[in-house]
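Taking it in order: structure first as C-alpha coordinates, then the write-up.
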Amino acid sequence: MVVVSAEARLKQLALCLPKAPTPFGAYVEAFQSGPLLFLSGMLPVAGHVPLYVGLVGRELAVDEGYAAARAACLSGLAAARERLGSLDRIRSVAKLGVYIACPAEFLDHPKVADGASELLLDVFGAHRLPPRIVLGVSSIPLGMPVEIELVFEIES
Amino acid sequence: MVVVSAEARLKQLALCLPKAPTPFGAYVEAFQSGPLLFLSGMLPVAGHVPLYVGLVGRELAVDEGYAAARAACLSGLAAARERLGSLDRIRSVAKLGVYIACPAEFLDHPKVADGASELLLDVFGAHRLPPRIVLGVSSIPLGMPVEIELVFEIES
Amino acid sequence: MVVVSAEARLKQLALCLPKAPTPFGAYVEAFQSGPLLFLSGMLPVAGHVPLYVGLVGRELAVDEGYAAARAACLSGLAAARERLGSLDRIRSVAKLGVYIACPAEFLDHPKVADGASELLLDVFGAHRLPPRIVLGVSSIPLGMPVEIELVFEIES
(Lines give C-alpha, C1' and ligand atoms only; values in the text may rest on other atoms or scores of the structure.)
Protein backbone atom coordinates (compact mmCIF):
# COMPACT_ATOMS: atom_id res chain seq x y z
CA MET A 1 0.00 0.00 0.00
CA VAL A 2 1.30 3.42 -0.93
CA VAL A 3 0.16 5.94 1.64
CA VAL A 4 -0.42 9.25 -0.09
CA SER A 5 -0.22 12.33 2.12
CA ALA A 6 -3.40 14.27 2.80
CA GLU A 7 -2.05 17.43 1.15
CA ALA A 8 -1.01 15.42 -1.93
CA ARG A 9 -4.48 13.87 -2.06
CA LEU A 10 -6.11 17.32 -2.00
CA LYS A 11 -4.01 18.22 -5.05
CA GLN A 12 -4.85 14.95 -6.83
CA LEU A 13 -8.53 15.58 -6.17
CA ALA A 14 -8.19 19.25 -7.23
CA LEU A 15 -9.84 20.17 -3.96
CA CYS A 16 -9.41 23.74 -2.71
CA LEU A 17 -10.12 24.24 0.93
CA PRO A 18 -12.32 27.23 1.79
CA LYS A 19 -11.04 30.05 4.00
CA ALA A 20 -10.54 28.89 7.57
CA PRO A 21 -13.67 29.64 9.62
CA THR A 22 -13.71 32.40 12.24
CA PRO A 23 -15.74 32.35 15.48
CA PHE A 24 -19.33 33.63 15.87
CA GLY A 25 -18.64 34.37 19.56
CA ALA A 26 -16.22 34.03 22.46
CA TYR A 27 -14.54 30.78 21.47
CA VAL A 28 -11.68 29.50 19.31
CA GLU A 29 -11.85 27.22 16.29
CA ALA A 30 -9.28 24.67 17.54
CA PHE A 31 -7.53 23.56 20.71
CA GLN A 32 -4.77 20.98 21.02
CA SER A 33 -4.22 18.93 24.18
CA GLY A 34 -1.39 16.44 23.85
CA PRO A 35 -1.93 14.64 20.55
CA LEU A 36 -5.62 15.53 20.28
CA LEU A 37 -6.85 18.54 18.29
CA PHE A 38 -10.44 19.47 19.17
CA LEU A 39 -12.32 21.64 16.65
CA SER A 40 -15.35 23.80 17.18
CA GLY A 41 -18.58 22.72 15.51
CA MET A 42 -18.04 23.17 11.77
CA LEU A 43 -20.82 24.62 9.65
CA PRO A 44 -21.53 24.90 5.89
CA VAL A 45 -20.61 28.57 5.63
CA ALA A 46 -18.72 30.97 3.40
CA GLY A 47 -17.35 33.43 5.94
CA HIS A 48 -20.29 33.92 8.29
CA VAL A 49 -22.90 33.40 5.53
CA PRO A 50 -24.74 30.05 5.50
CA LEU A 51 -24.42 28.04 2.28
CA TYR A 52 -27.51 26.01 3.19
CA VAL A 53 -30.49 26.82 5.39
CA GLY A 54 -33.35 24.56 6.44
CA LEU A 55 -34.09 21.09 7.78
CA VAL A 56 -32.99 18.05 5.79
CA GLY A 57 -36.12 16.11 4.89
CA ARG A 58 -38.27 19.25 4.94
CA GLU A 59 -36.77 22.26 3.12
CA LEU A 60 -33.71 20.34 1.88
CA ALA A 61 -33.31 17.01 0.08
CA VAL A 62 -30.93 14.29 1.21
CA ASP A 63 -28.38 15.19 -1.49
CA GLU A 64 -28.38 18.80 -0.29
CA GLY A 65 -27.76 17.53 3.24
CA TYR A 66 -24.89 15.43 1.87
CA ALA A 67 -23.43 18.53 0.18
CA ALA A 68 -23.82 20.57 3.37
CA ALA A 69 -22.03 17.88 5.40
CA ARG A 70 -19.21 17.87 2.87
CA ALA A 71 -18.97 21.68 2.95
CA ALA A 72 -18.86 21.72 6.76
CA CYS A 73 -16.18 19.03 6.75
CA LEU A 74 -14.12 21.03 4.23
CA SER A 75 -14.32 23.95 6.69
CA GLY A 76 -13.00 21.59 9.37
CA LEU A 77 -10.02 20.67 7.18
CA ALA A 78 -9.39 24.39 6.62
CA ALA A 79 -9.50 25.03 10.38
CA ALA A 80 -7.10 22.15 11.00
CA ARG A 81 -4.66 23.32 8.32
CA GLU A 82 -4.80 26.88 9.69
CA ARG A 83 -3.89 25.59 13.15
CA LEU A 84 -1.33 22.97 12.11
CA GLY A 85 0.24 24.50 9.00
CA SER A 86 -0.37 21.29 7.03
CA LEU A 87 -2.89 18.45 7.02
CA ASP A 88 0.09 16.12 6.83
CA ARG A 89 0.59 16.59 10.55
CA ILE A 90 -2.69 14.69 11.10
CA ARG A 91 -2.06 11.07 12.01
CA SER A 92 -5.72 10.02 12.24
CA VAL A 93 -9.24 11.24 12.74
CA ALA A 94 -10.25 10.31 16.29
CA LYS A 95 -13.90 11.36 16.17
CA LEU A 96 -16.44 12.48 13.59
CA GLY A 97 -19.78 13.78 14.85
CA VAL A 98 -22.45 14.62 12.28
CA TYR A 99 -25.45 16.50 13.63
CA ILE A 100 -28.33 16.91 11.20
CA ALA A 101 -31.25 19.31 11.66
CA CYS A 102 -34.23 17.24 10.55
CA PRO A 103 -37.79 16.28 11.52
CA ALA A 104 -38.55 13.34 13.83
CA GLU A 105 -39.68 11.31 10.80
CA PHE A 106 -36.31 11.57 8.99
CA LEU A 107 -34.56 8.24 8.41
CA ASP A 108 -31.67 8.89 6.03
CA HIS A 109 -29.06 10.21 8.48
CA PRO A 110 -26.32 7.87 7.23
CA LYS A 111 -26.67 9.16 3.64
CA VAL A 112 -26.23 12.74 4.86
CA ALA A 113 -23.32 11.86 7.16
CA ASP A 114 -21.54 10.17 4.25
CA GLY A 115 -20.96 13.66 2.84
CA ALA A 116 -18.40 14.13 5.59
CA SER A 117 -17.22 10.51 5.80
CA GLU A 118 -16.53 10.16 2.09
CA LEU A 119 -14.52 13.38 2.07
CA LEU A 120 -12.40 12.07 4.96
CA LEU A 121 -12.03 8.76 3.12
CA ASP A 122 -10.86 10.58 -0.02
CA VAL A 123 -8.37 12.75 1.83
CA PHE A 124 -7.02 10.45 4.56
CA GLY A 125 -7.66 6.99 3.11
CA ALA A 126 -9.55 3.96 4.41
CA HIS A 127 -6.89 3.13 7.01
CA ARG A 128 -7.54 6.42 8.82
CA LEU A 129 -11.33 6.48 8.96
CA PRO A 130 -12.79 7.67 12.27
CA PRO A 131 -15.55 6.36 14.51
CA ARG A 132 -18.76 8.30 13.86
CA ILE A 133 -21.63 9.66 15.94
CA VAL A 134 -24.72 10.71 13.93
CA LEU A 135 -27.73 12.43 15.48
CA GLY A 136 -30.80 14.27 14.25
CA VAL A 137 -31.16 17.53 16.14
CA SER A 138 -33.94 20.11 16.26
CA SER A 139 -31.88 23.02 14.95
CA ILE A 140 -28.39 24.30 14.31
CA PRO A 141 -27.03 27.88 14.62
CA LEU A 142 -28.42 30.28 11.99
CA GLY A 143 -30.82 27.61 10.71
CA MET A 144 -28.13 25.55 8.99
CA PRO A 145 -28.85 21.87 8.25
CA VAL A 146 -25.61 20.18 9.36
CA GLU A 147 -22.90 20.67 11.97
CA ILE A 148 -19.71 18.60 12.09
CA GLU A 149 -17.57 17.74 15.12
CA LEU A 150 -13.98 16.66 14.46
CA VAL A 151 -11.21 15.51 16.79
CA PHE A 152 -7.88 14.79 15.10
CA GLU A 153 -4.87 12.89 16.37
CA ILE A 154 -1.70 14.84 15.54
CA GLU A 155 1.81 13.54 14.86
CA SER A 156 4.04 14.23 17.84
CA MET B 1 -13.34 -4.45 48.33
CA VAL B 2 -12.81 -7.29 45.91
CA VAL B 3 -12.61 -5.94 42.39
CA VAL B 4 -14.13 -8.48 40.04
CA SER B 5 -12.97 -8.28 36.42
CA ALA B 6 -15.46 -7.15 33.80
CA GLU B 7 -15.29 -10.44 31.91
CA ALA B 8 -15.86 -12.38 35.17
CA ARG B 9 -18.84 -10.13 35.94
CA LEU B 10 -20.37 -10.88 32.54
CA LYS B 11 -20.16 -14.60 33.37
CA GLN B 12 -21.63 -14.08 36.85
CA LEU B 13 -24.51 -12.13 35.31
CA ALA B 14 -24.90 -14.75 32.53
CA LEU B 15 -24.72 -11.87 30.06
CA CYS B 16 -23.90 -12.74 26.47
CA LEU B 17 -22.68 -9.86 24.39
CA PRO B 18 -24.28 -9.50 20.95
CA LYS B 19 -22.19 -9.72 17.79
CA ALA B 20 -19.90 -6.74 17.44
CA PRO B 21 -21.58 -4.02 15.35
CA THR B 22 -20.42 -3.26 11.81
CA PRO B 23 -20.52 0.18 10.14
CA PHE B 24 -23.47 1.60 8.15
CA GLY B 25 -21.03 3.70 6.10
CA ALA B 26 -17.46 4.91 5.67
CA TYR B 27 -16.36 4.84 9.31
CA VAL B 28 -14.95 2.43 11.88
CA GLU B 29 -16.50 1.23 15.12
CA ALA B 30 -13.54 2.10 17.36
CA PHE B 31 -10.37 4.19 17.40
CA GLN B 32 -7.72 4.28 20.10
CA SER B 33 -5.54 7.34 20.74
CA GLY B 34 -3.16 6.89 23.63
CA PRO B 35 -5.21 5.47 26.50
CA LEU B 36 -8.57 6.59 25.10
CA LEU B 37 -10.76 4.31 23.01
CA PHE B 38 -13.45 6.24 21.11
CA LEU B 39 -16.46 4.24 19.85
CA SER B 40 -18.91 5.09 17.12
CA GLY B 41 -22.48 5.83 18.17
CA MET B 42 -23.95 2.55 19.39
CA LEU B 43 -27.48 1.62 18.42
CA PRO B 44 -30.00 -1.01 19.58
CA VAL B 45 -29.54 -3.30 16.59
CA ALA B 46 -29.13 -6.96 15.73
CA GLY B 47 -26.79 -6.81 12.74
CA HIS B 48 -28.17 -3.86 10.78
CA VAL B 49 -31.77 -4.48 11.90
CA PRO B 50 -33.22 -2.13 14.53
CA LEU B 51 -34.48 -3.81 17.72
CA TYR B 52 -36.57 -0.75 18.55
CA VAL B 53 -38.06 1.96 16.35
CA GLY B 54 -39.88 5.12 17.41
CA LEU B 55 -39.67 8.05 19.80
CA VAL B 56 -39.58 7.40 23.52
CA GLY B 57 -42.65 9.07 25.03
CA ARG B 58 -44.63 8.71 21.79
CA GLU B 59 -44.39 5.25 20.15
CA LEU B 60 -42.31 3.74 22.95
CA ALA B 61 -42.72 3.69 26.73
CA VAL B 62 -39.95 4.63 29.15
CA ASP B 63 -39.19 0.99 29.95
CA GLU B 64 -38.75 0.27 26.23
CA GLY B 65 -36.36 3.23 26.03
CA TYR B 66 -34.48 1.78 29.02
CA ALA B 67 -34.24 -1.58 27.24
CA ALA B 68 -33.05 0.10 24.03
CA ALA B 69 -30.34 2.02 25.94
CA ARG B 70 -29.22 -1.24 27.54
CA ALA B 71 -29.14 -3.01 24.15
CA ALA B 72 -27.12 -0.19 22.58
CA CYS B 73 -24.68 -0.25 25.49
CA LEU B 74 -24.28 -4.04 25.14
CA SER B 75 -23.35 -3.39 21.49
CA GLY B 76 -20.75 -0.94 22.75
CA LEU B 77 -19.25 -3.57 25.04
CA ALA B 78 -19.16 -5.98 22.08
CA ALA B 79 -17.38 -3.36 19.94
CA ALA B 80 -14.86 -2.73 22.71
CA ARG B 81 -14.18 -6.43 23.23
CA GLU B 82 -13.78 -6.93 19.46
CA ARG B 83 -11.18 -4.15 19.38
CA LEU B 84 -9.36 -4.98 22.65
CA GLY B 85 -9.66 -8.75 22.85
CA SER B 86 -11.04 -8.52 26.39
CA LEU B 87 -13.07 -6.05 28.45
CA ASP B 88 -10.50 -6.57 31.19
CA ARG B 89 -8.19 -4.18 29.34
CA ILE B 90 -10.66 -1.37 30.18
CA ARG B 91 -9.51 0.65 33.16
CA SER B 92 -12.47 3.03 33.30
CA VAL B 93 -15.30 4.51 31.33
CA ALA B 94 -14.31 8.11 30.50
CA LYS B 95 -17.58 9.26 28.92
CA LEU B 96 -21.12 8.01 28.49
CA GLY B 97 -23.42 9.94 26.17
CA VAL B 98 -27.07 8.89 25.95
CA TYR B 99 -29.05 10.48 23.14
CA ILE B 100 -32.79 9.81 23.24
CA ALA B 101 -35.18 10.46 20.33
CA CYS B 102 -38.22 11.95 22.08
CA PRO B 103 -40.73 14.81 21.83
CA ALA B 104 -40.09 18.26 23.36
CA GLU B 105 -42.48 17.39 26.21
CA PHE B 106 -40.52 14.31 27.35
CA LEU B 107 -39.13 14.55 30.91
CA ASP B 108 -37.89 11.07 31.86
CA HIS B 109 -34.46 11.11 30.19
CA PRO B 110 -32.62 9.92 33.33
CA LYS B 111 -34.81 6.79 33.56
CA VAL B 112 -33.99 5.89 29.95
CA ALA B 113 -30.29 6.65 30.36
CA ASP B 114 -30.15 4.36 33.39
CA GLY B 115 -30.53 1.44 30.97
CA ALA B 116 -26.94 2.12 29.92
CA SER B 117 -25.65 3.36 33.28
CA GLU B 118 -26.93 0.37 35.24
CA LEU B 119 -25.34 -2.04 32.76
CA LEU B 120 -22.01 -0.26 33.15
CA LEU B 121 -22.46 -0.34 36.94
CA ASP B 122 -23.15 -4.09 36.83
CA VAL B 123 -20.17 -4.84 34.60
CA PHE B 124 -17.52 -2.37 35.80
CA GLY B 125 -18.64 -1.63 39.38
CA ALA B 126 -19.44 1.62 41.16
CA HIS B 127 -15.80 2.71 41.36
CA ARG B 128 -15.61 2.91 37.55
CA LEU B 129 -18.80 4.79 36.71
CA PRO B 130 -18.42 7.46 34.01
CA PRO B 131 -19.62 11.04 33.74
CA ARG B 132 -22.79 11.19 31.67
CA ILE B 133 -24.28 13.51 29.04
CA VAL B 134 -28.00 12.96 28.33
CA LEU B 135 -29.90 14.78 25.58
CA GLY B 136 -33.25 14.48 23.86
CA VAL B 137 -32.76 14.62 20.11
CA SER B 138 -35.19 14.87 17.23
CA SER B 139 -34.23 11.60 15.56
CA ILE B 140 -31.61 8.86 15.35
CA PRO B 141 -30.46 6.85 12.30
CA LEU B 142 -33.12 4.42 10.96
CA GLY B 143 -35.70 5.80 13.41
CA MET B 144 -34.16 4.16 16.46
CA PRO B 145 -34.97 5.59 19.90
CA VAL B 146 -31.54 5.66 21.58
CA GLU B 147 -27.90 6.13 20.60
CA ILE B 148 -24.99 5.65 23.00
CA GLU B 149 -21.57 7.33 22.95
CA LEU B 150 -18.76 5.63 24.87
CA VAL B 151 -15.15 6.60 25.48
CA PHE B 152 -13.10 4.08 27.44
CA GLU B 153 -9.76 4.48 29.21
CA ILE B 154 -7.56 1.48 28.41
CA GLU B 155 -4.82 -0.13 30.54
CA SER B 156 -1.42 0.76 29.14
CA MET C 1 0.01 40.46 29.92
CA VAL C 2 -0.65 39.71 33.56
CA VAL C 3 -2.35 36.34 33.85
CA VAL C 4 -4.74 36.42 36.77
CA SER C 5 -5.59 33.05 38.31
CA ALA C 6 -9.12 31.72 37.89
CA GLU C 7 -9.77 31.70 41.63
CA ALA C 8 -8.51 35.29 41.90
CA ARG C 9 -10.79 36.26 39.01
CA LEU C 10 -13.81 34.74 40.79
CA LYS C 11 -13.02 36.96 43.81
CA GLN C 12 -12.54 40.05 41.62
CA LEU C 13 -15.89 39.37 39.96
CA ALA C 14 -17.51 38.64 43.36
CA LEU C 15 -18.76 35.40 41.85
CA CYS C 16 -19.82 32.67 44.27
CA LEU C 17 -19.97 29.20 42.77
CA PRO C 18 -23.10 27.19 43.57
CA LYS C 19 -22.90 23.89 45.45
CA ALA C 20 -21.25 21.22 43.36
CA PRO C 21 -23.88 19.19 41.50
CA THR C 22 -24.72 15.63 42.50
CA PRO C 23 -25.82 12.87 40.11
CA PHE C 24 -29.42 12.11 39.09
CA GLY C 25 -28.47 8.44 38.51
CA ALA C 26 -25.67 5.88 38.30
CA TYR C 27 -22.86 8.16 37.09
CA VAL C 28 -20.24 10.53 38.45
CA GLU C 29 -19.88 14.26 37.88
CA ALA C 30 -16.23 14.17 36.75
CA PHE C 31 -13.58 11.77 35.49
CA GLN C 32 -9.93 12.52 34.80
CA SER C 33 -7.88 10.60 32.23
CA GLY C 34 -4.33 11.88 31.93
CA PRO C 35 -4.59 15.66 31.62
CA LEU C 36 -8.24 15.68 30.54
CA LEU C 37 -11.09 16.15 33.01
CA PHE C 38 -14.46 15.11 31.54
CA LEU C 39 -17.58 16.49 33.25
CA SER C 40 -21.11 15.18 33.15
CA GLY C 41 -23.71 17.30 31.38
CA MET C 42 -24.18 20.41 33.51
CA LEU C 43 -27.66 21.78 34.06
CA PRO C 44 -29.12 25.04 35.44
CA VAL C 45 -30.13 23.58 38.81
CA ALA C 46 -30.05 24.39 42.50
CA GLY C 47 -29.56 20.96 44.04
CA HIS C 48 -31.86 18.79 41.94
CA VAL C 49 -34.38 21.59 41.36
CA PRO C 50 -34.39 23.22 37.90
CA LEU C 51 -33.78 26.98 37.86
CA TYR C 52 -35.31 27.23 34.37
CA VAL C 53 -37.84 25.04 32.56
CA GLY C 54 -39.02 25.27 28.97
CA LEU C 55 -37.75 25.67 25.43
CA VAL C 56 -35.76 28.76 24.49
CA GLY C 57 -37.72 30.58 21.80
CA ARG C 58 -41.05 29.22 23.05
CA GLU C 59 -41.51 29.44 26.85
CA LEU C 60 -38.22 31.25 27.46
CA ALA C 61 -36.65 34.34 25.88
CA VAL C 62 -33.09 34.44 24.57
CA ASP C 63 -31.85 36.32 27.65
CA GLU C 64 -33.32 33.61 29.89
CA GLY C 65 -31.50 31.01 27.81
CA TYR C 66 -28.31 33.04 28.23
CA ALA C 67 -28.85 33.09 32.01
CA ALA C 68 -29.54 29.33 32.04
CA ALA C 69 -26.33 28.65 30.08
CA ARG C 70 -24.39 30.79 32.53
CA ALA C 71 -25.96 28.99 35.53
CA ALA C 72 -25.16 25.56 34.05
CA CYS C 73 -21.58 26.65 33.38
CA LEU C 74 -21.24 27.90 36.97
CA SER C 75 -22.32 24.40 38.07
CA GLY C 76 -19.55 23.03 35.87
CA LEU C 77 -16.98 25.24 37.56
CA ALA C 78 -18.30 24.05 40.93
CA ALA C 79 -17.97 20.41 39.83
CA ALA C 80 -14.43 21.03 38.61
CA ARG C 81 -13.40 22.79 41.84
CA GLU C 82 -14.94 19.96 43.91
CA ARG C 83 -12.89 17.42 41.95
CA LEU C 84 -9.64 19.41 41.71
CA GLY C 85 -9.61 21.41 44.94
CA SER C 86 -9.00 24.63 43.01
CA LEU C 87 -9.83 26.03 39.58
CA ASP C 88 -6.19 27.14 39.41
CA ARG C 89 -5.28 23.57 38.49
CA ILE C 90 -7.09 24.08 35.15
CA ARG C 91 -4.68 24.90 32.34
CA SER C 92 -7.28 25.33 29.60
CA VAL C 93 -10.79 24.49 28.54
CA ALA C 94 -10.51 21.78 25.87
CA LYS C 95 -14.19 21.60 24.86
CA LEU C 96 -17.39 23.51 25.47
CA GLY C 97 -20.63 21.96 24.26
CA VAL C 98 -23.83 24.00 24.57
CA TYR C 99 -27.04 22.10 23.93
CA ILE C 100 -30.17 24.24 23.77
CA ALA C 101 -33.74 22.88 23.91
CA CYS C 102 -35.53 24.94 21.29
CA PRO C 103 -37.94 24.67 18.35
CA ALA C 104 -36.77 23.97 14.78
CA GLU C 105 -37.36 27.65 13.93
CA PHE C 106 -34.95 28.98 16.57
CA LEU C 107 -31.96 30.91 15.18
CA ASP C 108 -30.25 32.61 18.13
CA HIS C 109 -28.14 29.71 19.43
CA PRO C 110 -24.92 31.75 19.56
CA LYS C 111 -26.52 34.37 21.83
CA VAL C 112 -27.61 31.65 24.27
CA ALA C 113 -24.25 29.87 24.15
CA ASP C 114 -22.49 33.14 24.97
CA GLY C 115 -23.92 32.79 28.49
CA ALA C 116 -21.39 30.01 29.01
CA SER C 117 -18.64 31.38 26.78
CA GLU C 118 -18.59 34.82 28.38
CA LEU C 119 -18.38 33.29 31.85
CA LEU C 120 -15.38 31.21 30.75
CA LEU C 121 -13.86 34.33 29.19
CA ASP C 122 -14.33 36.26 32.45
CA VAL C 123 -12.85 33.50 34.60
CA PHE C 124 -10.08 32.03 32.42
CA GLY C 125 -9.26 34.93 30.08
CA ALA C 126 -9.20 35.22 26.29
CA HIS C 127 -6.01 33.14 25.96
CA ARG C 128 -7.80 30.06 27.36
CA LEU C 129 -11.06 30.10 25.41
CA PRO C 130 -12.24 26.67 24.21
CA PRO C 131 -13.56 25.42 20.91
CA ARG C 132 -17.35 25.27 21.02
CA ILE C 133 -20.08 22.95 19.74
CA VAL C 134 -23.61 24.41 19.78
CA LEU C 135 -26.72 22.40 18.93
CA GLY C 136 -30.46 22.81 19.26
CA VAL C 137 -31.96 19.67 20.78
CA SER C 138 -35.54 18.53 21.27
CA SER C 139 -35.40 18.29 25.06
CA ILE C 140 -33.12 18.13 28.08
CA PRO C 141 -33.58 16.18 31.35
CA LEU C 142 -36.43 17.52 33.55
CA GLY C 143 -37.47 19.95 30.81
CA MET C 144 -34.52 22.29 31.33
CA PRO C 145 -33.53 24.64 28.47
CA VAL C 146 -29.74 24.25 28.39
CA GLU C 147 -27.13 21.58 29.07
CA ILE C 148 -23.38 22.26 29.07
CA GLU C 149 -20.54 19.84 28.27
CA LEU C 150 -17.08 20.74 29.53
CA VAL C 151 -13.71 19.06 29.12
CA PHE C 152 -10.83 20.71 30.95
CA GLU C 153 -7.08 20.30 30.53
CA ILE C 154 -5.45 20.01 33.96
CA GLU C 155 -1.95 21.05 35.04
CA SER C 156 0.22 17.99 35.50
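Should a chain be cited, it is by its letter among A, B and C, assigned in written order, with residues numbered from 1 in that chain.
Everything that follows uses one rule, which is that contacts are C-beta pairs under 8 Å (C-beta built on N, C-alpha and C of every residue); 3 or more make two chains touch, one makes a residue touch a chain.
Keep in mind the model is a prediction, meaning the values are calculated, not measured.
> What angle of turn lays chain A on top of chain B when you fit their CA atoms, given in steps of 5 degrees?
Rotating chain A by 120 degrees superposes it on chain B.
> If I list every residue number at the interface of chain A and chain C, are over half of them used by both copies, so same, or under half, so different?
Interface between chain A and chain C is built from largely different residues.
> In whole angstrom, what separates the CA-based centres of chain A and chain C?
25
> Show the residues in chain A shared as contacts by 2 or more other chains, in ascending order.
Expected reply: 34, 36, 101, 103-104, 137-138.
> Per the contact definition, I'd like the list of chain A residues that touch chain B in the complex.
34-36, 92-96, 101-107, 109-110, 113-114, 117-118, 120-121, 126, 129-138, 151, 153
> Give the list of chain B residues in touch with chain A in this complex.
Interface residues on chain B, with respect to chain A: 23-31, 33-34, 36, 38-41, 55, 97, 99, 101, 103-104, 137-143, 147, 149.
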